[in-house]
Amino acid sequence: MLNYNFNWSVIWRNWDKFVDALLLGLGMAVVSLLIGTLIGLLVAYARGAGPRWLRWPAFVYVEFIRNVPLLLLVFFVYFGLPELGIYGLDKVQSFVLTLSLYAGAYMAEVFRAGLASIPRGYAEAARAIGLRPLQRQRYVILPVMFRITLPSITNNLVSLFKDTSLAAAIAVPELTFTARQVNANTFRVMESWLTATALYLFTAYAIAIVLRLVEKRYAVIR
Amino acid sequence: MIFERGHFIYEFWVARFSLLAGLWTTVSTSFLTIVIGSALGLVLGLVLAYGIWPLRFLARFYVDVIRGIPLLVLILFAYYGLALFKISVTPYWAGVIALSAFCVSHVAETVRGAIQSVPAGQDEAAKAIGLPFLKRVRYVILPQALRRVLPPWVNTALEMVKGTTLLSVIGVVELLLASQQAIARNYLILQFYLAATLFYFIVNFAIAQLAAALERRFRRFKY
Amino acid sequence: MALLEARNVQKHFGSVEVLKSIDLDVEQGQVVALIGASGSGKTTFLRCINLLEQYDAGSIALDGEVVGFTSDGRRRPLSERRVSAQRARIGMVFQQFNLFPHMTAEQNVMLGLTKVQGKAKDEAATIARHWLDRVGLSERRDHYPYQLSGGQQQRVAIARAVAMSPRLMLFDEATSALDPELVAEVLAVIQDLAKSGMTMLLVSHEMLFVRDVASKVVFMDGGRIAQAGPPEEVFHHPENERLKTFLGRFHGMFGQPV
């Protein structure tokens, strides 16, 4: 470090801001994952078992979202929706909507793979004891599928949490935005960004470790 | 009518040079990032798989840290931070450095995974015919591993192309920022965002499909 | 009227005719064994009975009610709800056990009782425990499938099927996926069920077991029934040439008098 004198007091003075920012990011990630899971389930079923007229839009949705930069989607939704006459979403809501749509496409792929990997025998056994189609999904296929895909869901949550950094681009006060603000106000470059980096790292690994424990608890060993 | 102020075609024509310049920046940053990131990533992947433990530990630390923080933070950190080290770089190069650092960690992890997925018997068979370490890696392990690298590598490459949009945040005028600058002049929000969106979609989708076709051709080498 | 009546059952996969014309009666309390080379259509026929495969022509009737189609002869498919109800009256045991991996042994047995038959949890648990005890696994009822050996898993699968009090039990090569030392425990459970008067239709390659347990043996060949009769007749007086060849592989097993 070339003559850089650390002064961490600016971080302590802004600590509340950092914590609020972290929680906001985490909250946006979790909500987006939940909505994305719902979308993903519907889309995965539409692609796998839906009628032809539904398969196509489902395919387009997934491929479109996955091949377009998230930041572009963020701007598109934030600036574009009012143009389409849809008002009333604040920054956070607009970002969560975007991130949910984004998560939905990735979750759809996760669930599609998960459904495809379930041995046929489970569904057949469920049919053989007389469960009806919805019951088969509810009691056998979905529980097994969620257990199989839990590691991928974990990875997606960690990714989504990191993706909340893009909300800074539309001035949502999450971690990246806050670090940039503290940086700009105090000129403590290293302190601001090291703090943000550390908080991201810590949280990302904390999510991963906690959910790995959940995975162990619910692992399906086939 | 079409060639009137305020119409998308007209405004697009007016903005054509700045959009093309933005496109060129997107292409060049993507290209540099993927080339630098893949080359260094290959080396780091080899270190992860074969390095002596202090080196391997450092490589593991680097990969896990980079993969744990958002790309945007990396870019901003590089942008504001490099100046502190009296390294005066333009936003363009700060961005390329950050994107490459990110790309390296992902490629390294992919390469390590691919190397370790080659069955141990292959290495043993190579040893049995008397090949020394470097030749085993060069002629037996890597050719098999690189085939497995292809799909995740293409994925990383596409992530990098999409990631170049984040450079707009530090003022690099790539395609997204060029579009936004056009929007700032003509206020055709939907049209210009849609155009940019479609552009990314078509390019990335095409690359992904091409890679998938390539991978199908490789599949016959599976054992 | 026989419990199960199959008439002119036909089934093809693409251009391959798997079942050409199967006629078979299974009487109440009878144990019928289907034998034959692989690809002869045994398993497909078994799967047609509870409509895991749809048969293309003919009819299969359980207690006089056509399985999967309307009984008026017009062959209109029944609703899933009706088909599910029919399946609930037919128990099936698979080669690969197919226990639900996210449920304990007891939960596996209880699922059909509570969700299909609508029994209360307590009652279902009592029934599940009874049957797990009957197959010798009362100690293992809280184990998950991966904690059980193949033989134990298959015994749970049998308990899961019989707990539903089915009219008919289907066994699809129930011991083929098991290590040799685990086969006996599963066969013992099946034999115990046979003695208790359960009507059964089983596909098996265990010829000695078939000879002991079956009241009727059906030899299938190329999608048809080539010979059927009591075990002594089929095993000791094979008329059909293909049956003789087939049994030749088990030569020595039947050398001693029965």
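In this document, chain identifiers A, B and C correspond to the written order of the chains, with residue numbering beginning at 1 in each.
Please note the rule applied: contacts are C-beta pairs under 8 Å (C-beta built on N, C-alpha and C of every residue); 3 or more make two chains touch, one makes a residue touch a chain.
These are the chains along with the protein names UniProt gives them: A = Amino acid ABC transporter membrane protein 1, PAAT family; B = Amino acid ABC transporter membrane protein 2, PAAT family; C = Amino acid ABC transporter ATP-binding protein, PAAT family.
Just so we're clear, the structure is a prediction, and the values are computed from it rather than from any experiment.
**Student:** How would one label the connectivity among the chains shown: line, ring, star, complete, or other?
**Tutor:** line
**Student:** If you tally the C-beta contacts for A-C and for A-B, which one comes out higher?
**Tutor:** Answer to which pair has more contacts is A-B.
**Student:** Using the average of all C-alpha atoms in each chain as its centre, how far is it in Å between chain B and chain C?
**Tutor:** Centre-to-centre distance between chain B and chain C: 56 Å.
**Student:** Centre to centre, by mean C-alpha position, how many angstrom separate chain A and chain C?
**Tutor:** Once rounded, the distance between the two centres reads 46 Å.
**Student:** Could you grab the centroid distance between chain A and chain B? Build each centroid from C-alpha atoms only and quote it in angstrom.
**Tutor:** Distance between chain centres: 21 Å.
**Student:** Two or more other chains touching the same residue: where does that happen in chain B?
**Tutor:** Correct list: empty.
**Student:** For the complex, which residues does chain B have touching chain A?
**Tutor:** 65, 68-73, 76-77, 80-81, 83-86, 158, 162-163, 165-166, 168-169, 176, 180, 183, 189-190, 193-194, 196-197, 200-201, 204-205, 208
**Student:** Within their complex, state which residues of chain A touch chain B.
**Tutor:** Listed in rising order, the residues of chain A that touch chain B are 2, 4, 63-64, 67-73, 75-76, 79-80, 83-84, 162-163, 165-166, 168-169, 175-176, 179-180, 183, 189-190, 193, 196-197, 200-201, 204-205.
**Student:** Would you tell me which residues of chain A are touching chain C in their complex?
**Tutor:** 119, 121-122, 124-133, 135, 139-140, 143-144, 147, 218, 220-222
**Student:** Using the touch definition up top, name the residues of chain C that touch chain A in the complex.
**Tutor:** That would be residues 50-52, 80-81, 84-92, 94, 96-102, 111-112, 115-116, 144, 146, 157, 160-161, 164 of chain C.
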